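Pasting the structures here.
Paired with subunit B in one complex and with subunit C in the other, subunit A is shared by the two complexes that follow.
Let's turn to the complex of A and B:
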């Protein structure tokens, strides 16, 4: 894939002699959000650590923008990675702004004004002089998000990014994600929240005993479909998953269904092919 | 890159209480040394022997001056635990996303060395300012047996200010060596208190062993401060060479240990 930013090529990793990741292959292209789900201890975080160069594969390769991630040479990669893995990590005796300014001074890709703007974007006051040790969990999480995004990297690695965030915080994260994806960044997102995975991710993988299994290859959308007759609804129920009757509209039976179709025309064509007569198809129906 | 690492380390040092406490203790212990050497009013003092330069040597090498035995502890308090803090808090990972491992560890070692070196100079000069107020500021007029230092005696008599700078350099290099030993330990040990205490414990234990062996020429305490009046007649270059070599060794050791660990899988994380 030419616009591929991150690639795991048959990556295996053992920790303490125990295989944690086995022959994982995954590629993430520009503008894509890939979700990783799995039980606790299944290897999700290890996979993210491999992507950020914190661990190096025993077998296989991790490539970032075509360049192999080599031990200790993460800073030499052609594109930057922004990451928030597990709990956000900061020097507890410094303020949030000072922590971010220290990190920003390494690459000098963002000035103080930019850092301040990022803090405001994630809902933090840059002038708050309180040290990070006195921050609440939610504030630390926001600071962690700010740290990951402040230099506008092309690859984002997020491990449970909405942990400890309130509803406003989740919406803030959703806006940031949408904005970055629009700029053709790619995102790998680990979450236990199925709703979050459904909402944000284009593709979803499950990690099970160190192996990656594809769960979904496209973004699931919700559709409202109005059909000519109940007979058509019956046919649709046999054809589609999660079909839910929501009553009648203008006398015609209406259902909600979910699927990965890109456009209304695509779904219309799909159902018509099966001989289902339609009145109306609408995306993102509530 | 290294410039920004030094700036970063400086910001961190100035933002913590530990280096300030270390500086206060350093100056305080120098003052204690100056005071304990100050002659009683009724005591006879040979004319000219009672001056600021002799007091300066005494406060570093006199039995009752307490600075020398605690130099390893104070040196590590300044910045020697910086790598350990990075690992413990996970801040290292955020840094390693922005620079490569070699730049990180080299920058850290250079920054810690520079800051510790600078810190000792500030402490020593502040202490000397106190001595200038307390003692007569006169150049040593002649050699007095038992009072004039044996170490670099020619320099002491002819150029006492250069002598002063040499002693501060020796002390600063000793502090740098202890700080770098603490950084080397941080690649293997995660406990902050252990990293703070181990260089000092090693120093004390080695001194204890050399005392049991009957006081050998090479002893940590003598090399750190008690070399002025020792019977062993240390050569001028011997002390700075020892500390520079030890610091270089600790520097190299840390570099190798860190990179080996990073290649094995970057498991410096908490």
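Let's turn to the complex of A and C:
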């Protein structure tokens, strides 16, 4: 795949002699959000560490933006990655802004203005002088998200990103994710929250005993479809999943249904091919 | 990366720096107990500095142990506290991260020595020692060779800065190898004790031990009393330190290049 940003090709990894990841294959393309679920200790975080170069695979290959992540002479690390793996740890005596500025000084890719904007984006006040040790868990998580996104990388690795976030925080994260994906970044998201995974991810994998199993190959979206007649609704009910009549719109029967189509045109084409006459198709119907 | 790492170190360990600073201050006040060139009737501040800085306890145990106490967890802290992913996501390679750590070792050693000298000089001033004489035998022998006393002092401090950096690089590698900074620090304590035992019991072995190079005044020709130390010259110690540094760096590089950079399981 030409627009592939992250690839695990038959990757295996042992820790302490015990196989943690076994022949995992996964590719993530530009603009994609891939979710990984699994029980505690199943190897989810190890998979993320392999992507960031914290671990190197024993077998197989990890490619980030086309480059193989391998020890080489200098212990190569992938570039363009924004990562939040496990609970973020900052310098407790510094403010959030100073912590981020310190990290930003490593690559000098973002100036103070950019760091301030990122903090505002995650809902933190950059002028708050309170040290991080006095931050709540939710604030620390927001700061962790800010450090991952502030340099605008192309690849994002998030491990339980909405831990300790309130509803507003989750909405903020959803907005950031949507904005980054629109800019053709890719995201790998590990979470134990199935609802979160269903909401954010285009594809979902489960890690079980170190092996990756595909749970879903596309994002299930909700669609609202207005059809010409009840006869068309009957045809659609045989063809689509979870079809529910929601009433009439301008006299035409309207239903909601769920499916993995990418665009409205795609669903329109699919239904038209089946001889169903349509008035309107809309994504994300409420 | 280097500026980041140095800043990060000072911001992270400021409490420990204060404790070490307080211990240095205490020992600078007690430093007169370590003045062992009793034949000198009226030692100057410079005589006091070279005598106590080259005392076996100060040079083989106190300074190395105190310095490595500061830096023993320099790498492992990042790994254990989950700070490494933040840094490594921004670093070009693991080795650049490791070399930034080694640079931090040098800056900390430099600061350590400068602070220690400052405190020793202040203690000497408080004691009312003079500034204008260089009576210590080390200065006398250097004078016979046409060497300036200040050049000699600068050389001693340089040996300290380099020697402590090298000891730090060794501890850095040991901590990566053992994945335990306390054990790595214990390694330096053990080396110090071994060097001290060898100094008192077996001088032929002494010159081969790490940390011995910090005992500046017993280098030949500045000390001509012990024939077993004729080969213990400044050149010998310089080469020894460079080789020890290279070995520590090579072993550290080999380790950091491949190891799993997370100790959180």
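Here, the second predicted complex is superposed on the first by the 218 of 286 C-alpha atoms of A that agree within 3 Å, B and C clash if a C-alpha of one lies under 4 Å from a C-alpha of the other, contacts with A are read in each partner's own complex, and residues count from 1 in each chain.
Please note the rule applied: a contact is a pair of C-beta atoms (placed from the backbone, for glycine too) under 8 Å apart; a residue touches a chain by one contact, two chains touch by 3 or more.
In this text, all values refer to a predicted model and were calculated from it rather than measured experimentally.
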Subunit B versus subunit C as contact partner of A:79, first or second or both or neither: second
Touching partner for A:53 - first (subunit B), second (subunit C), both, neither: both
Subunit B versus subunit C as contact partner of A:39, first or second or both or neither: neither
First (subunit B), second (subunit C), both or neither touched by A:134: neither
First (subunit B), second (subunit C), both or neither touched by A:106: both
Which of subunit B and subunit C A:94 touches, first, second, both or neither: both
Which of subunit B and subunit C A:274 touches, first, second, both or neither: neither
Touched partner set for A:68, first subunit B, second subunit C, both or neither: neither
Those residues of subunit A which subunit B touches in one complex and subunit C touches in the other: 15, 52-56, 71-76, 81-83, 85, 87, 89, 91, 93-94, 102-103, 105-107, 147, 151
Footprint of subunit C on subunit A - complex, ascending: 15, 49, 52-56, 71-77, 79, 81-89, 91, 93-94, 102-103, 105-107, 147-148, 151, 153
Complex interface listing, subunit B residues touching subunit A: 1, 4, 7-8, 11-12, 15-16, 85, 89-91, 93-104, 259, 262-263, 265-267, 269
Residue ranges of subunit C in contact with subunit A within the complex: 1, 3-4, 7-8, 11-12, 14, 81-96, 98, 256-258, 260-262, 264
Subunit B-facing residues of subunit A, complex: 15, 52-56, 71-76, 80-83, 85, 87, 89-94, 98-99, 102-103, 105-108, 147, 151
